[in-house]
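Think of it as A, B, C and D in the order they're written, each chain with its own count starting at 1.
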Amino acid sequence: MKKVGFIGLGVMGLGMAANLLRKGFEVAVYNRTAGKADSLLALGATELGSPSAVAGSVDVVITMISNDSAIREVYFGENGIFEGIRSGVTLIDSSTISPTLAKELAAEAEARSAAFLDAPVTGSKPAAVDGTLVFMVGGNADRLGEVEDILLAMGRKVIPMGPNGSGSIAKLAHNTIVGINVVALAEGMAIAASGGIDGHAFVELVQSGGAASRAAEMKGPKLLEGNYDVQFSLELMLKDLRLSSVLSDSLNVPTPLLEASKSLFQVGDAMGLGALDMSSVGQAYEQWIGRKLGHKG
Amino acid sequence: MKKVGFIGLGVMGLGMAANLLRKGFEVAVYNRTAGKADSLLALGATELGSPSAVAGSVDVVITMISNDSAIREVYFGENGIFEGIRSGVTLIDSSTISPTLAKELAAEAEARSAAFLDAPVTGSKPAAVDGTLVFMVGGNADRLGEVEDILLAMGRKVIPMGPNGSGSIAKLAHNTIVGINVVALAEGMAIAASGGIDGHAFVELVQSGGAASRAAEMKGPKLLEGNYDVQFSLELMLKDLRLSSVLSDSLNVPTPLLEASKSLFQVGDAMGLGALDMSSVGQAYEQWIGRKLGHKG
Amino acid sequence: MKKVGFIGLGVMGLGMAANLLRKGFEVAVYNRTAGKADSLLALGATELGSPSAVAGSVDVVITMISNDSAIREVYFGENGIFEGIRSGVTLIDSSTISPTLAKELAAEAEARSAAFLDAPVTGSKPAAVDGTLVFMVGGNADRLGEVEDILLAMGRKVIPMGPNGSGSIAKLAHNTIVGINVVALAEGMAIAASGGIDGHAFVELVQSGGAASRAAEMKGPKLLEGNYDVQFSLELMLKDLRLSSVLSDSLNVPTPLLEASKSLFQVGDAMGLGALDMSSVGQAYEQWIGRKLGHKG
Amino acid sequence: MKKVGFIGLGVMGLGMAANLLRKGFEVAVYNRTAGKADSLLALGATELGSPSAVAGSVDVVITMISNDSAIREVYFGENGIFEGIRSGVTLIDSSTISPTLAKELAAEAEARSAAFLDAPVTGSKPAAVDGTLVFMVGGNADRLGEVEDILLAMGRKVIPMGPNGSGSIAKLAHNTIVGINVVALAEGMAIAASGGIDGHAFVELVQSGGAASRAAEMKGPKLLEGNYDVQFSLELMLKDLRLSSVLSDSLNVPTPLLEASKSLFQVGDAMGLGALDMSSVGQAYEQWIGRKLGHKG
């Protein structure tokens, strides 16, 4: 059975690595901040001292890290992955990074006789814990075939998207839709609440009709209750929309809804909501209309 | 059993009236253009010569008509509903009209010792045919209670929304979300297609992830195939967004996504797509990116 | 010399009527709220008791009133203009009203053998006082020729725009540009201030370069000083943008910048800034960036 | 008198360098494409073979080049400025570059005991030829003081903006306003034209009223005549708006009008208008309304 390295034990990474261990993979882990690996060690993981050490002792390395600059550090930095990598290793990044960086990592991996797959996921903490993530993957189809069992140990579906960078592009395009759908829900709820409609009745209607969406299913209850515990933070969504805006600029695609939504998440961030769930963007509307979105009709 | 009048035998109305007949209601119908009632006559309907005649011979009148000015004609015009109405009748309008007009109709009904409910629906032709519409209803709760059996003969759910006008407001807020979600899908597909991603893989991803929506379920296949047969026409969505824009203006709700989406449907309408399905708004993006949204990756 | 009636003695009307008197016209005035005419009586004006009385005793009636519903009352209401009007009279409305209402007033005037010109102005209080307004006029060119001397007694230029309604349309299109230019200035200043640039240096640059505008000339100093004394109130600009949005919808013109700007003025209005100068829309940006637009670099 | 080097002899650079020569400065020039310097040689310029050679033989180097990557090549590339630079030299870049790059160039210059000023200009070809440019300058005030005579040989005004990067930031904020104002004009003209208003009368009105702007002065005639000879190309404006969007993202400033305008220039670019004057963005509106903006009323 392939030996797997896992780097980045945040809220997503912990769940993913645990699923690998439960499915019987031998897993070596590394996290910049110490003390995160304890629950995994109990499941049989080995902890190593650097990305370089991980890359030097496994067949497949998975990274799950917050942003482009942290990824860059883990791959290119001192004691980083590329310092220790052996030929033949497959690198899989499941973070949401820019397509440009994905291609850069792929080129560097190839130069070292290794392979790289950009394999971001859709699904947040619960899906990471339950092993029901969906992977969208950019990179060589044969290499993907060799590691599909590993991905399916952590998720329920693997969708090949094309050459390197395609996974990143698909993720940004996907999350653009998520961000817009969340703002759409808040905006519709703001109209309804201002018109005196009961918030719960309206959300029931939304889910019964053509306006139904996963966003409404996940965020409707949060907006009704004003419960902004994090499923996916506003600042992470803003980060993704910025990456998507730069991407669509580089592809020369006019994206008026992406841009209008990005402005709204920026307003939310400026209101100090960055660390809350992205649905807290609804608070901008609440401030404007002087009424809660969970208005009782 | 209550006698029901049905006025407006378009694509929606025909299916709704047929379901009333199938459930055993006695139904008198009227349509401005002759010859539309034939299939209903075969099911036992009676055809009358004017809205006035219908309103004078039934307990409950249902109207299903395309826009504010046509509704105004049917209710207030010569040989219109208010000319023939008897006291005690309940009027139900299931069109999508402005809340202002809904309140006006309710006031006029009350002045004639009748009642009015604004009861628009979500669901398009298939739901009208199958009797699975969802009604959102504004108006007196007792009167709604008395006619709920009639509504449930045509639909699967009735959601009370508040006083008269609330049904209209809820519908416009709901359709605002629909319109935005459809453009969001097209915009995400445009980014993906421009980035070289296969359209089918991307839509599969959307439906597997947080971006999933009824809009994507209904319109994803249409956008992939460029099949713009009408489920709900672009010009009707544009009409609803305009009503919603006027409504949100009157309620003083800032609605940047509604407005950005309205502009895009206007662009689509200007491209001559008004009579096609609203998803044809995606053709604006196709023109801009010089590539089909159903791009083969 | 023609006898002139003047109805509506607000901040604009007072200055305009005074200029007519100074140029030697005989002027009969009416204002709904009493006591506004005193300064004009001192200049020789006659005060009458109703719009009807004014319309019955002059050759030309000028109206300058805040909105569509007040205009409707003055023309169509009890003791209104149309009740007292004599044949041959020319009615001139210099308010900013919807083109639809302008055409309705023109039709009613024609039915009474009178004439109507929609003649809104550009220029605010100082221009009304100095007699330097610019009139844009919709209506019959011959009738306009007959009253041009009256308009030029109050303004510096008269621009014929076409048939009735054209004056209104031109005004709304014009004010759409004004509204956008004001928000553009605030947005540019917000970027500059967030980047640490001195506000005064930036406004100097704007006025020295391709970004120069009347809006920047009028509003730059106000935004730098946070002085929102009214030149033209935020709520009036919002009213105009709403009329323009309805107009452009009816003309089927996609207007993404108008709509984005309208949303911002709505945000300003929701912040309680409606009665302040429209440039106070900049306070929305100040709240978002946590810094004054008049930032000292 | 200081010896000046000038690198980048495009449409702007040629005029600027000629003014330096006319004011008596000794000027050494370099351009990547040969044959551009002929008119300057006739005025007494010396032509050198590389940026490095220029930087090694003058007191002040001015660069005027199209984009970040070309600038990077000229400064950091083989035979680039930093290869040949002597200590004490002042580098002045008058291109429109990202603030990030401006700071990077300043840091590198300081490491080589030289100085850097980011000094972009407002004004297009005619101002470069006439010597009426306005310079907005980021960098050390003393170093700016030493070269102000050089800048004033090419322009009519020098505005200090703050530390390095401030010139770039000010330029992007300024051009954001320009871009929005141009689209605002086109959008207002589209409403007017659709309403049947004569285009020339409307532009006269704009320039007579509160909607007046340098953008309307420069672009109004072009939009009326459909003459899109380049003053400033659509693709360059799009480039600036993209830089401004990235900048405002990094500063966390919500910029809904910038984004809406950027989308429109992207649409224009997608229509194949990139190389035409930026006012050709009006053609998007013309396509949508099916009428020329220079409509004869």
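In this text, contacts are C-beta pairs under 8 Å (C-beta built on N, C-alpha and C of every residue); 3 or more make two chains touch, one makes a residue touch a chain.
Because the structure is predicted, anything quoted here is derived from the model rather than measured.
Counting hops only between chains that touch, subunit A reaches subunit C in a minimum of 1.
Taken together, subunit A and subunit B share the touching chains C, D. At the far end from subunit C, in terms of centres built from Cα atoms, lies A. Centroid to centroid, with C-alpha atoms defining each point, subunit A and subunit D lie 39 Å apart. The distance from the centre of subunit B to the centre of subunit D, with each centre set as the mean of the Cα atoms, comes to 51 Å. With centres defined as mean CA coordinates, subunit D is found 37 Å away from subunit C.
Chain contacts: subunit B has residues 252-256, 260, 263-264, 266-267, 270, 288-289 touching two or more partner chains. Interface residues of subunit A, counted against subunit C in their complex, comprise 256, 260, 266-267, 270, 287-290.
The touching residues of subunit B, counted against subunit C in their complex, run 242, 245-246, 249, 252-256, 259-260, 262-264, 266-267, 269-270.
Against subunit B, the residues of subunit A that register as touching in their complex are 99, 122-124, 134, 136, 157, 159-163, 165-166, 169-170, 172-178, 180-181, 183-185, 187-192, 194-198, 201-202, 204-206, 208-216, 218, 232, 244, 247-248, 251-258, 260-261, 263-264, 285, 288-289, 297.
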